[in-house]
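As C-alpha cells, here come the structures.
Okay, so chain A shows up in both of these, paired with chain B first and chain C after.
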Partner chain A sequence: MTNEFAQQGKDVGMCLCKVCRNINPIDQTHCSRCESKIQPRNYASLQHSWALLITAAILLIPANIYPITIVTNQGKVTYDTIYTGIVHLVHLDMFPIAIIVFTASILVPLLKIVGLAIYLSAITFNLPLPKKKLMTGFHIIEWIGRWSMLDLFVIALTVAVVNMGQLLDAKPAPAATAFALVILLTQLAAKVLDTRLLWDRLEKNNDTN
Partner chain B sequence: MDGFSFYMPKNLDQDTIILCRSCDLAVQRRALPSNVRALCPRCHTALYDVPYCSINGMLALCIAALLFFIPANLLPVLEIHFMGSIRATTVYETAVAVWNHDYWIVAIAVIASAVLAPGLLILSILFQIIIVKLKLQSTFWQKTYKRLLKNHELLSQLSMLEIYVISFLVAAFNLSDFAEIYLGMGTLSFGILFLVILFLQREYNLEHMWGMVHDK
Partner chain C sequence: MTQIESPKVVKKKLFSPIWLLPIVALALGAWLGIKSIKESGIEIQVHFPSAIGIDIGKTLVKYQGLTVGKVTDISLDKDLSGVNVTIVMDYRSDPFLNKNTLFWLVMPKASITGIEGLDTLFSGNYIAIEPGDGSSTSKFIASTEAPSMIPNEEEGIVVKLTTSTLGSLDVGSLVFYRQVPVGKVVNYRLIDSDTIIISTFIEQQYSHLVNQESQFWNVSGLKIDASLSGINVNTESLASLLAGGISFNSGAKADKAVTGDHYVLYPDEESAVKGVEFVLTAENADEINQGSAMVYRGVEVGKIHKTQLTESGVKFLAKFDIQYQHLLNADSQFWVSGADISIDGVKHASRLLTGSVVNVLPGLSDSAIPQDFKLQNQAPDLLSDSKFNIKLTSDEHNGLDTGAKVRYKQMPIGEITQVKFSDDFSGVEYLVEILPEYKNLLTSDSHFVSESALKIDASLDGVTVTTRDISTALDGAISLVRGNNKALVKPNSRFALYHSNENAAESIAKNNITTLTLESIDGAGLSAGSSIYYKKMKIGAVKDVRWDNKTDQFSISLAIKNKFSQLVRDNSVFWRNDAASINASLSGIEVNVAPLEGALKGSISLGLLSDDQMGNQQRLYDSKELALKQAQTITLTLPAEAKVAAKAAIRYQGHQIGVVQQVKLNQDLQTLTATAYLYGEYASHFTKSDTEYFVVDAQISLTGIKAPETLITGPYIGVIPGKGSESADSADSADIFEAHLAARYDADIDDDALTLIIEDSQLGSIKVGTPIFFRGISIGQVDGYTLSDNGNKVLMYSHIEQQYTHLVNQTSRFWDASGIQLEVGIFSGAQIETGSLETLLSGGISVATEDVTTSENKLSSGASFNLYNKMKEEWRSWQPEQVKP
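Coming up: the complex of A and B.
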C-alpha cells in the first residue's frame, strides 16, 4: 500500500499549518509555532467556495449589462458598459489597449468563474478529470484574477481627472460596484478552498496519485 | 509512478518531512542548489527554494521604498489639459473621487490595493527586520513579530501596484482621445516604488522569516 500510492500528511499523522507552513502532529488543534487553528482537511471550505462562486456568477450579469461609466461630452451623455467601452477603443484603433482591457475585464472574470466551477465540480461530483491539469489551472486562476482590478483603477483615474461639468465629465455607474464584488468574491472563493480535498480520492485512469 | 519512489521511501524520516500545501503529499526535504525550486512531484506546486533572504539587502530596499512612497502618494500621478482647464490627481484623490460619487466599495478597493496595502507591507517588513536585527527577544516583540508574519501574505496579495502602473497607461491612452495627457514626477515615483517593492518581495522569504522566531 505505501509503495503503491503516495503518502499524504494525514497518512503519516501530520498536518500542515496553512498560515506559517509549520508541520504539526495531526492530533493538535492549533499550530505549535503560530497558534493558528489547524485542520487536516477543511470539508466546509467546499461549500464556502461554492457559495462565493455562485454569488460571483450572479453578480457577473449586472456587471456586464449595466453601464460602468457615464461620460458627458459637450452635453451629450453616453452610458458605457464594459463591452461598449472596448468597442469604442477598437474604433479608435487602440488595439493593444483594447486587448488588455478585454482580457482583464471580460476574459479573466469569465474564465475564472468557469475554471473554479469545473474545479469545484471535480471535487463535489467526483468527476474523473486529470488532477494535475486542474491544479495548474487553479494556480493560474489564483495569479491572474487580481488583474481584473485594472478596469476599476482606470475608472477611478478617469473619474478623478475628468470633471469639467457639461464640457467633459465622467462618472462611475452601477456596474462598477457589481464588478468590484465579482473580483472580490472570486478571489475569496479561490482562497478559502482547501485544495487538498481534490487529492484524497484515488484516480486510477487519469492520473497517478 | 516509478519517479515517485525516489521521493517517497517506505519510511519517511520524520525530521525532514514536508507537506505540499496544495495536495498534502508527504515529501522528503533535500538540499537544493541555488536558483532551483522544489516542485511537488504530484501536483507541481512550488514547495520550497533556497532562501536568498539577505536582511541588510531588504533593509536597504525598505528604506528606498519608504522614500519613494511619499512622493508617489503626494505628487499628482496624472494631469490632463482640456480646453484651457487643467486637472491633476494623486493616487489617494482617485479613490476620494469615486467615494464622492457614492461608489464606496470601489473606492475602498482602490485605496486598499494601491495605498494602504503597499504602505503597510513596507512598514511590516521594516519592523520585522528591526526585530531580527536588534535581536529583540522579549515576549512583546516576539508576539508582534509573529503577528506581522501571519498577516504578511494578506498584505502582499492585497497590494496591486503593478496593476495600477498598467492602469496609468490604459487611462492615458483612453483620455488622449479628448485631451492632452501629462505624466509627472508622481508617476515616475510610483513606477519606481512598484519596482522597489517587486524586488523587496523577491528577496523576502516568509519561511526563512518564520525560522527566526525565538521561542523559549
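Coming up: the complex of A and C.
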C-alpha cells in the first residue's frame, strides 16, 4: 500500500496537464489535449515562491509601520496604522471586530509568510518535517490567505462611502498599498509553488510523516 | 523514428528575474526607512504650567497656521511646578528652535475685543511657536500668553504711550480715531513704580493720522456726565466700554509719527486736547455747565472746562480744540443758545437733553486775543446795521413779548426786540426791528395795532370773527397800518401802538377832527359815540355829553372828521335826529326815519342854511325844522288857565314864527312856563324886551268867530313885536316874556295910526273892535275901553288908521251910530235910521269933520273927544275938501 501510495506519475512516465488535468506521457512537452505546456516538475517555482515571499516579508514592514488610512474628522487629520486601528477598536470595546481585524490584518499575513517560509525551507533544505502536516498547513494558508484582503476591502469601502470633505473623510495611506502587495505576493508565492516538489522529497527520504 | 534526438540541454538559471521583486521592495523599503529617519522630528521639551488643553498625540504645534510639530508626551515636572511636554517638531523647524523661541498654548478665547483661536474649537488647542534667536536648544519654557505681535513696518506703526495707570486697558484694547478703530494695544509693561508704557499698534492705512502733535487719551469705560443740562453719556464704542480703548487726535500739520515715538496717554479727552484756552464771563451760569459744548455752525469746536464763581459773576474756562483755534479772534463773539421751543416748532431738540451750548462767532480781527470774552445771552445780531429800528409807544402793555412779530398784511416784517417803560413811565415803549427790505413800508403817518388771536366784533353791521395764527395768541403780534403819507421815516422814529383798530381810528381821529360844543337843554338821547350825519352820511361822532349843574344844560362835544370840517361854518346848524318823526298837520303827514344806527344810539344831523344866513353853531336844535329855521329859545310865562299845549304855534298876524316846545305848570299853580322856539329869521323882532305874547283862543261872538282854526289846533300864542331898536342890541333883547290871556287893546294898532280917546258917559253897545266910520267907511276902531280914574265916564281907546288920519282933526265930532235910531214925529212921521247891519249888531261910532285939516287943527295922538249920542243935522252938511298929506 505504501508503495502504491507512494508511487508518482513520473515513476510511470506520466505527467498531469495542470490546465486540463489530462494525463500525458512524461516525455511530451505539451498536453495532447489542450496543448498547454506540461512539465513533470517545476523546480523554478521554488525560487519564484521564495522571491515573492521575501518581497512580501519586506513589504510587511512598511505595511505595519506606515499609516494605512488617513481619516479627516472635522478637519482633524488622523493617520492610522493597522496596529493603532486595532487599538482604537479595543478602546471602543469592540473586541470581536478587533480580533477579526487583528487576525486578518496582522496574524494571517504574518503566519502566512512564516508558514510559507517553513514550507519552502522544508523543500529547499530538506528539513525533516512531517510532509502531511506541511501539506495541511499549506492548504490552510492558501485558504485563509484570501481573507487577509478583508482589511483592504474595508478600506476600499470606507474610502468610497465616507467622503465628506473636511468634516469626515477617509483616504488610503501608503501602507495600504504595501499591505495589499504583501497579501498579493503571499498569495502568489503560494500559487506559483509546485507543491509536487514536496512529495519528491518525501519519496527520497521515504519518511512517513 | 529511431533517430535519437540529441538532448536539449537547458541550463538551469541560477537566478530567476523574480528576484528583482524583493530587491526592489528592499530598495524601496530602505529608501523609505532612510527618509523617515531623516525626516523624523526633533524632540524638544517645553515646560508648561499645566497640561490643560494639551493632549498627547493630538495637540499640534503650529507656526502661522502651519503644523510644525506634535505633542508626543506629557510628564510631570520633578518639583510638581508644571508639566514637561515632549514635542516632536518637524525636522525643518530645527533652525528656529533657539533660546528665544517662544511657545504658548492657544486656546479658544472669546473676549470683547474679538474671538481668538476659533479654529481650535474644532481642531483642538494647539501650541503656537514664535521663532527667536539665540543658541540652539531643545528645552523651553512656555509663555503664559501670546507675545505681543510686533508688526513690521508694512503693517503699521507702533507708538509707545506713557501713563501712570493702566485703567481697563488690556492687550487688544482698541485705538480709535474719531471712533474709528484704527489699531490696538499690543503690549504694556511697567517700567518703574509709576510708569507704564503701552505699545500701541496703528494700522498702516491710518498711521498718517498719528503725528507729532497727536494726543492720546483713555476712553475706557463709560463716562456719564449727568447734570441739570441733561445726561451726557460718553463712550467710544461698546468694545471700549468693556475692554477699554484709547483715542487720539491729529495735529494740524506736524510730522508723521514713526514706530517708537513716545506719547503721553491722558486720562480723558479734556485733559488731552491742547486747544486754546480762554475765559468767558457771564452774569450767571444759567444753562451752561462744565462740559457744555461750544458750537460753530453746528460743529463742536470746544468745551467749557471749568465754571468759577467770581465776585462779579461767573467765569468759564473754555477751550477750543486745537484744530479750531483759528476761530478764536479778538472780536469773536459767544452766546448761549439752547433748545428753542416755540409755536413754530422745536429747534435743536437735542439740546433739551444735552443742555445748552455756547455758540461761537469767529471774528476777523488780527489783534491780540483778550483775556476774557463776554458770554452773551442772545445771539448777536449780524444784521443790526442794516436793520431798521423804530420805537412804538403805547399807553399800556399789550401782552406783547420780545419776539412778537410785526406784520403787514399778515406778512412778518419785523419783530419786537425790547419792551420797557417809557422814560417818564407814562406808557410802554417797544423797540421794534423792521427787516431792512420792508423799511419803505413805514411812512410818517403809519401806526401800529396790536392783534388779538381771536377778535369778535359784534355790531349792528353784523358779527365779524377774526382769527390769527396761534403764535399771535401766545406771543402777540402787531400790525402795521400804513398812512397815506409817502414820506419815509428815519430810524428810531416813534410810532403809536394801539390796542385795536377802533382805538387807533379814535386816536387818529382825535388828531384829525374838528371839535365843537353844542348846548342843549336835554341830553337828547345822545351818548359818546353817537353819530353825526350830514345828509344822512356820517361825518363824525359825539365825543362827550356833559351836564352842567349850574345851568341845567347839557354840553355835547362833537368830533367831526377833518375832511368834513368845511361843513362847520357860519351857516351850519345842528339838530338831533328823532328815530322817526311824524309831522302830521292839516297840510299832510310827513314821516321821516333816521338811519337805524342813529335811531338806536341817538344821532345828530348837521345842516346848512343858505349862504346869506347865519347859523348858530352852539345850539342843538330839537328838530330839523327848528334848526333850519334857526329857532331861538324863549321862555314864556303864562297864566295857569291858558290852554296852551306843547307844539302850539306862535303866530304873528296869523303867520307862524315859532313853536311852543314844552309847557309845564309851575309850582305856584298860578302860572305856566312854556319853552318855545322862535324861528331865527323872525326872532330878532320877537325877542325885544317889549314884545308882547298872548294866548289866542277861539272867540265866538255875534260879530263872528275869531280864530276859528284854534278850535281844531288848540289855542296858539300870538305875538306883537317889540318896538325896540332894530339893531341886535343884546340889552334890548330878552328871552323871557310874560304872555297874557289876550292881546293888549292896542296891540294891532299901527305905529303911525292916530290914537284917540273917546269919552262917553255910558259904554253902550261899544265893544272892543267897534269900528269908527267916516261916511260909512271904517277908518278905525275902538281898541279898548276903561273907566276913567274918577269913575264918571268911560274912556274908549280908539285909533284911526294912518291913511285916514288927515280926515280927522280938532273940528271932528264923534257919535254913537249903534242900534236903530227911531224918531217918531207928528208931522214928519216915523224916521228910522240905522247904520250898516254890522253896526246894528256890534255897534259903531261915526265921525264927521267940519274943517279942512291944517297944521293948526291937526290931531296928535291921545286927543280926547266926546261921544255924542246922535248926529246933529248940520254935521251932515260938512263937506271939507281934505288934502291927503
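Assume the second predicted complex is superposed on the first by the 197 of 209 C-alpha atoms of A that agree within 3 Å, B and C clash if a C-alpha of one lies under 4 Å from a C-alpha of the other, contacts with A are read in each partner's own complex, and residues count from 1 in each chain.
The definition used in the following text is that a contact is a pair of C-beta atoms (placed from the backbone, for glycine too) under 8 Å apart; a residue touches a chain by one contact, two chains touch by 3 or more.
Predicted model only: the values in this text are computed from it and were never measured.
In the superposition on chain A, A:Leu52 makes contact with chain C only, not with chain B. Once the two complexes are laid over each other on the shared chain, residue contacts for A:Leu193 go to neither chain B nor chain C.
In the superposed model, A:Gln8 lies in contact with chain B only, and not with chain C.
Of the two partner chains placed by the overlay, neither chain B nor chain C lies in contact with A:Ala175. Residue contacts after overlaying the shared chain place A:Ile155 against chain B, while chain C stays out of touching range.
Chain A residues in contact with chain B (one complex) as well as with chain C (other complex) are 181. The touching residues of chain C, when paired with chain A in their complex, are 12-13, 15-16, 18-19, 21-22, 24-26, 28-29, 32, 36, 58, 122-124. Contacts from chain A toward chain B in the complex involve residues 2-3, 6-12, 14-16, 18-23, 33-36, 40, 73, 89, 92, 94, 97, 100-101, 131-132, 135-136, 138-139, 146-147, 149-150, 152-164, 167-168, 171-172, 176-177, 180-181, 183-184, 195-196, 198-200, 208-209.
Against chain C, in their complex, chain A makes its touches with residues 43-44, 47-48, 51-52, 54-55, 58-59, 61-62, 65-66, 74-76, 181, 185. Within the complex, the chain B residues that touch chain A are 1, 4-5, 8, 10, 12, 17-19, 21-26, 42-45, 77-80, 82-83, 85, 87-89, 93-98, 101, 103, 105-107, 109-110, 113-114, 146, 149-150, 153, 157, 160, 163-164, 166-171, 173-175, 177-179, 206-207, 210, 213, 215.
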